Amino acid sequence: MITSYYRRSDGEVASALSPDALRSALASPDGLLWVDLEAASREEASLLSEVFGFHHLAIDDCFNRHIDPAKIDDYGEYLFIIAQAVAYESLARRLETTELDLFLGPNYVVSFHTQPLPFVEELRHRCEANGPELSRSADFLAHALLDALVDDYQPAVEQLDEALERLEELVLQKPEPAILHEILVLKRNVQRLRRTIIPQRDMINRIARGEFPQVVRPESLLYYRDIYDHVIRVEQLVESVRDLADGILSTYLSAVNNRMNEVMKTLSVVASILLPLTFIASIYGMNFENMPELGWQWGYFGILGAMAAVALGLVIFFRFRQWF
Amino acid sequence: MITSYYRRSDGEVASALSPDALRSALASPDGLLWVDLEAASREEASLLSEVFGFHHLAIDDCFNRHIDPAKIDDYGEYLFIIAQAVAYESLARRLETTELDLFLGPNYVVSFHTQPLPFVEELRHRCEANGPELSRSADFLAHALLDALVDDYQPAVEQLDEALERLEELVLQKPEPAILHEILVLKRNVQRLRRTIIPQRDMINRIARGEFPQVVRPESLLYYRDIYDHVIRVEQLVESVRDLADGILSTYLSAVNNRMNEVMKTLSVVASILLPLTFIASIYGMNFENMPELGWQWGYFGILGAMAAVALGLVIFFRFRQWF
Amino acid sequence: MITSYYRRSDGEVASALSPDALRSALASPDGLLWVDLEAASREEASLLSEVFGFHHLAIDDCFNRHIDPAKIDDYGEYLFIIAQAVAYESLARRLETTELDLFLGPNYVVSFHTQPLPFVEELRHRCEANGPELSRSADFLAHALLDALVDDYQPAVEQLDEALERLEELVLQKPEPAILHEILVLKRNVQRLRRTIIPQRDMINRIARGEFPQVVRPESLLYYRDIYDHVIRVEQLVESVRDLADGILSTYLSAVNNRMNEVMKTLSVVASILLPLTFIASIYGMNFENMPELGWQWGYFGILGAMAAVALGLVIFFRFRQWF
Amino acid sequence: MITSYYRRSDGEVASALSPDALRSALASPDGLLWVDLEAASREEASLLSEVFGFHHLAIDDCFNRHIDPAKIDDYGEYLFIIAQAVAYESLARRLETTELDLFLGPNYVVSFHTQPLPFVEELRHRCEANGPELSRSADFLAHALLDALVDDYQPAVEQLDEALERLEELVLQKPEPAILHEILVLKRNVQRLRRTIIPQRDMINRIARGEFPQVVRPESLLYYRDIYDHVIRVEQLVESVRDLADGILSTYLSAVNNRMNEVMKTLSVVASILLPLTFIASIYGMNFENMPELGWQWGYFGILGAMAAVALGLVIFFRFRQWF
Amino acid sequence: MITSYYRRSDGEVASALSPDALRSALASPDGLLWVDLEAASREEASLLSEVFGFHHLAIDDCFNRHIDPAKIDDYGEYLFIIAQAVAYESLARRLETTELDLFLGPNYVVSFHTQPLPFVEELRHRCEANGPELSRSADFLAHALLDALVDDYQPAVEQLDEALERLEELVLQKPEPAILHEILVLKRNVQRLRRTIIPQRDMINRIARGEFPQVVRPESLLYYRDIYDHVIRVEQLVESVRDLADGILSTYLSAVNNRMNEVMKTLSVVASILLPLTFIASIYGMNFENMPELGWQWGYFGILGAMAAVALGLVIFFRFRQWF
């Protein structure tokens, strides 16, 4: 699906342009053109090369089936930017990333993505409603897209954080083996998120440092620095979520161990008390003819008392040793 | 709550200025103006844009609900600084950080914070009592605030350190599962403290290196270098607290293991001695008609003696093997 | 085996050239020559020094029996490049790397490898079929070889990934000691792959940055940047495979531990219930003359009931403690 | 305690100078002045500001109660150096660091320390005995102090190393829980030593690179490079001591585990042999009226033989399984 | 032992030179002089200062009793190089490093080592046999020494690798506590080797980058780059040996754990089956007067059958739970 918006130099906004209209829009330096390609086929996307004349390596990067790490390529007259948007499923068990590709020229932005992205859709709505995004320059429009993309990370990280905190409570209540698997899955998601953010941070830092003055004007750098600050904040959040995951893992392993220790202590106490008693009973179960105690009047009750004394002594001993 | 102090070029100090007075104070290069906004609403803070003309991105950073990592932004005529103050609760179980935002211009300092900060309050008192802080330049006043902020870290780290040392003693005495949770919570606090300090160190280092000569005069750099040294000292303290936490964790896990080993050894010794004895007794509890030993005069006492010998032999064996 | 292809300035392609033809091909700046040495002996390879005049250190690097880390050496008129191709066996248990050596001059490429490489063979076929690879410049031909080499990493990493995911399922089903060994072997392969890729990335980055303008023309840099992006993508894949391996290891160790805990809990429950019962039975197996209970009419059934009550109480207690 | 030595340009050495004599010594560029302040009070140390005119931030660094990390501050006419001397107690259980502060000017050295340092005392003795240290320049004198300070690390590290090797032997003989605590304490000392050395290395590297030509003359750089080499050597020693500590920790944990395994194996073997035997005996302890074996002439001895056979079989089975 | 070789400008080679001959050799720029000091005393080595005039700090570095980390010092007219040669004992249990010190001037090389080094001896033999090493320049001679030194690492690392692979097989067969100690010793050796190589790599890199053009001529840089590549290869080998050691450690710990689990499972199965049976038998060993089952004709055989059924049921249950 291809949608296009064009703000002319007189402020009028048109949409759904024909290739020829796109060409004439490109030729006018005062206007601002935004073309969004969502899940476009190779044929539909032919305008990337034919109308805009983008390099085939950049176009290949849009169409390859991999999620590429974030990067920025300087093609002189335009920049080619790959960013990664997060698209987490509601169960927070699987964190998906999708690719957003941007071509940023002096008076146009072309965005390309294979899956619908909520923030792009929202911007489309605002453009259709004559929103202010089209009234400024191309680098500002690209900033709006990247800013919304980065802002989407915050709730994703927070959701991970909540999922982990829920797990932490579960672990403290009852450590089940199934929880471990969930912790490890979440931890892997955190790792992946972290590796997604780092190249993104570097990419935005390069823009914010003013490396591409031919496309991003000095007066827009402040806005990219602002995105950069947000990425840094997200990065720190991810780091602390990682700490949380590590802590829960330690807690889980230790809780499992504690339960086991408790079980073993109970077994040890029970066995250490009952084995001596059973031994005493088995002595008087022997069938020797000459066992004087057996004939005593109070022998049985005396032995029961002795057993009680032994049991009590052992209980006191174990208490003293703080076994339970 | 907005408080403002103005030292005129003739040394007089005024406070609680109206917007117009602020504007005329800004216009006089020889004076020094300090405006402090504590928990100000968006409306109250309108003077940031209207009187001072600060950039809306910087003002947004003040009002967003996140604790941003420390940073410094150069807006040409003024610097925008985000620093993080620690606010630890008395139980030392939860280490809170709050944000202090500073706008530093050639002849003014504007400070912004959503929560009351003791060191800012103290500086306000000193200004009201005509203290010396207002008698020097704006960069020196900002240094005083940042220095006090950094100095607050020292007691926080020391309190963490003491809490950990108390835990270490507890661990050596009696390793309880509850202690583990406390260790992990403290460790996470140490991690967070560490991540708070590192961007702060970089931010102060940039000032101390003289990157912003238009606002921080060369003769003030020494004072920022001094703050930098303090941050480094705090950072090293945090590192050694982290080592301490790791060491206590090892001690705890090992102590739990030792107790368990002790329990299991006792069980093993008890069972390994009593199982053979019980077996011997159960032999003579069998009901075979032809068991010659049963008829012997001293058979019973002989078997008792044999049991004692077996028990003694096993005890000696286990002692030799250093089991207990 | 030595194969050679020469595209003359008029576009004609010749193959299987004699040393003299090679020399004249070298002398013509407009043509493009590719010589591929596969498993060549020292004698066959004498043309490296005699025809091309390559430095003996570079030739030694081709013939030494080690797999050298990737590198690039600048000999002024030509570059000497060592790259590492992966050659994984179908069982994915052993990941082999082989060396591909390239000499890249202004109008020629010489490739050297001791083992057959599928992508080199494919390029030879395309050259024989008058494919387009020879129609451009030497740096583009070298790019085609390096690009194919890097692209071969993707399936190798994916195969490792699949092998690990298969192991993960096995681990979750039934953790066998044999799986651990497989995990560790795969993990070591991942480590080695990672160490293979990093120098390769640096090597390609140096070309892509335009460090060798005398051989790699500025208009070709884009293609090397493209390879660089692919290497980065492979590197990230390897990192996430490494995380996966670590996660499986944790899962395995924890699963083994869980099974053990289950076994121990069963033993503890069985022993803790039966030891008291056996003790009770052994009391009434004693042979004292005066044991009033023995004569009671319902003594036996009363004791059986008491035993059942004790057993039931213990079962309820263990359930309450969540032991099973 | 303040001691001062002054070598005049004619080679004469004077000591215990008055403030006025210090001032005139400072004014003569050909002489060399060394003032050492050991545990001086604020009042005694007033000459730092009054006679030498040092910056109050540097003087504050001398008097604050913290052990600051090593650093070097360039005050234009003089350098302010903080170095850390080790002062290990004879028991090697506690490694103390103390601070040595140096002011290094073109013709003077002022050293400040709160605790007596053996190498400073030694230098004082040599100065009193007209030693050669005063005959050269101020940067050479400072080098002598720093060199002696760094050389003191070597025995400290070696003592840690010996303590650890003693522990390793103990661990291999008999792993006691008390040893673990000692290992962890030593490990923490090694960590702290490491963190002490790294800023020191950077500080000396800055001098050795010739960053301060106004105070350290180019012909003295060689001597600072020599100190730098020593620091590097100490750093490597510390690293290998750290490895040693980690190795001992692994050995300890594994040794504890081995002992436990041995205990559990013994219990398992004893129980697995005796439980079946006791079960057999208990069968023939049953009181059924119709148990034909009980009446057999050799029933008892046959059962004893069967028990011996079962026991033997189990022993052989366990040997075969390599349990003991 | 001091040996010296001198190649005059006319190609003649002389050896065993007197101090005067050394001096005149030094004065002739076209010749090439090599002096090797093996285990020389301070007196013998006086020619270092008297004939060559080397700096006393460099000479001190030769004679101090430490193994210094590799480094290179630029004394203007000559370089002072410390390299570390490996000298592994045949048992591969202890990896020794020794120091080789080189003074490299424009027309001479002076080598110093306290222990005999095989590769130096070999070079001496080749010089005595008029080998080609003396026919080129001083930097080439130094390269030959350093290259041979680095090449000696390869077999050392490979021997470590073999020792570890042997251990891996042992671990998989029968994990003995003694093996753990060997693994840890080997691992420590690998660590030390790694720390030996890294400064060496940096040192050679500095030469190869052409930092010392006054002594190492540009046309020799290729040879130093070649040594650099070898060091990199050795470094990678060491890294993979380190991975191997870590993997074996994991395997060992896991194997010990597996054996223990097997032992505990056997105990659990034996006890869980026999405790119920023994309990049943002990019931019918009670002496109650009114126990109707005792009088039944087939009571005994019925109970034996019931016991068999219980045992069978438990065996099936444990099989189902995959306990054995």
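When the chains are written out, they are named A, B, C, D and E in that same order, and each has its own residue count from 1.
Here, a contact is a pair of C-beta atoms (placed from the backbone, for glycine too) under 8 Å apart; a residue touches a chain by one contact, two chains touch by 3 or more.
It should be emphasised that the depicted structure is a prediction, and the values quoted were computed from it without experimental measurement.
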| item | value |
| --- | --- |
| Intersection of contact partners for subunit C and subunit D | E |
| Smallest number of contact steps required from subunit A to reach subunit D | 2 |
| Starting at subunit D, fewest touch steps before arriving at subunit E | 1 |
| Turn needed to bring subunit B onto subunit E - CA fit, degrees, nearest 5 | 145 |
| Subunit B-subunit C separation of Cα centroids, rounded to whole Å | 41 |
| Euclidean distance of C-alpha centroids - subunit B vs subunit D, Å | 25 |
| Two or more partner chains touched - positions in subunit A | 264, 267, 271, 275, 278, 282, 285-287, 291 |
| Ring of chains, enumerated from subunit A in the sense that reaches subunit B first | A, B, D, E, C |
| Subunit C - residues contacting subunit A, complex | 172, 222-223, 225-226, 229, 232-233, 236, 239-240, 243-244, 247, 250-251, 254-255, 257-258, 261, 264-265, 267-268, 271-272, 275-276, 278-279, 282-283, 285-291, 321-323 |
| Of all residues in subunit A, those that touch subunit C in their complex | 55, 57, 60-61, 66, 68-69, 71, 73, 75, 174, 177, 180-181, 184, 187-188, 191-192, 195, 199, 249, 253, 256, 259-260, 262-264, 266-267, 270-271, 274-275, 277-278, 281-282, 284-287, 291, 293-300, 303-304 |
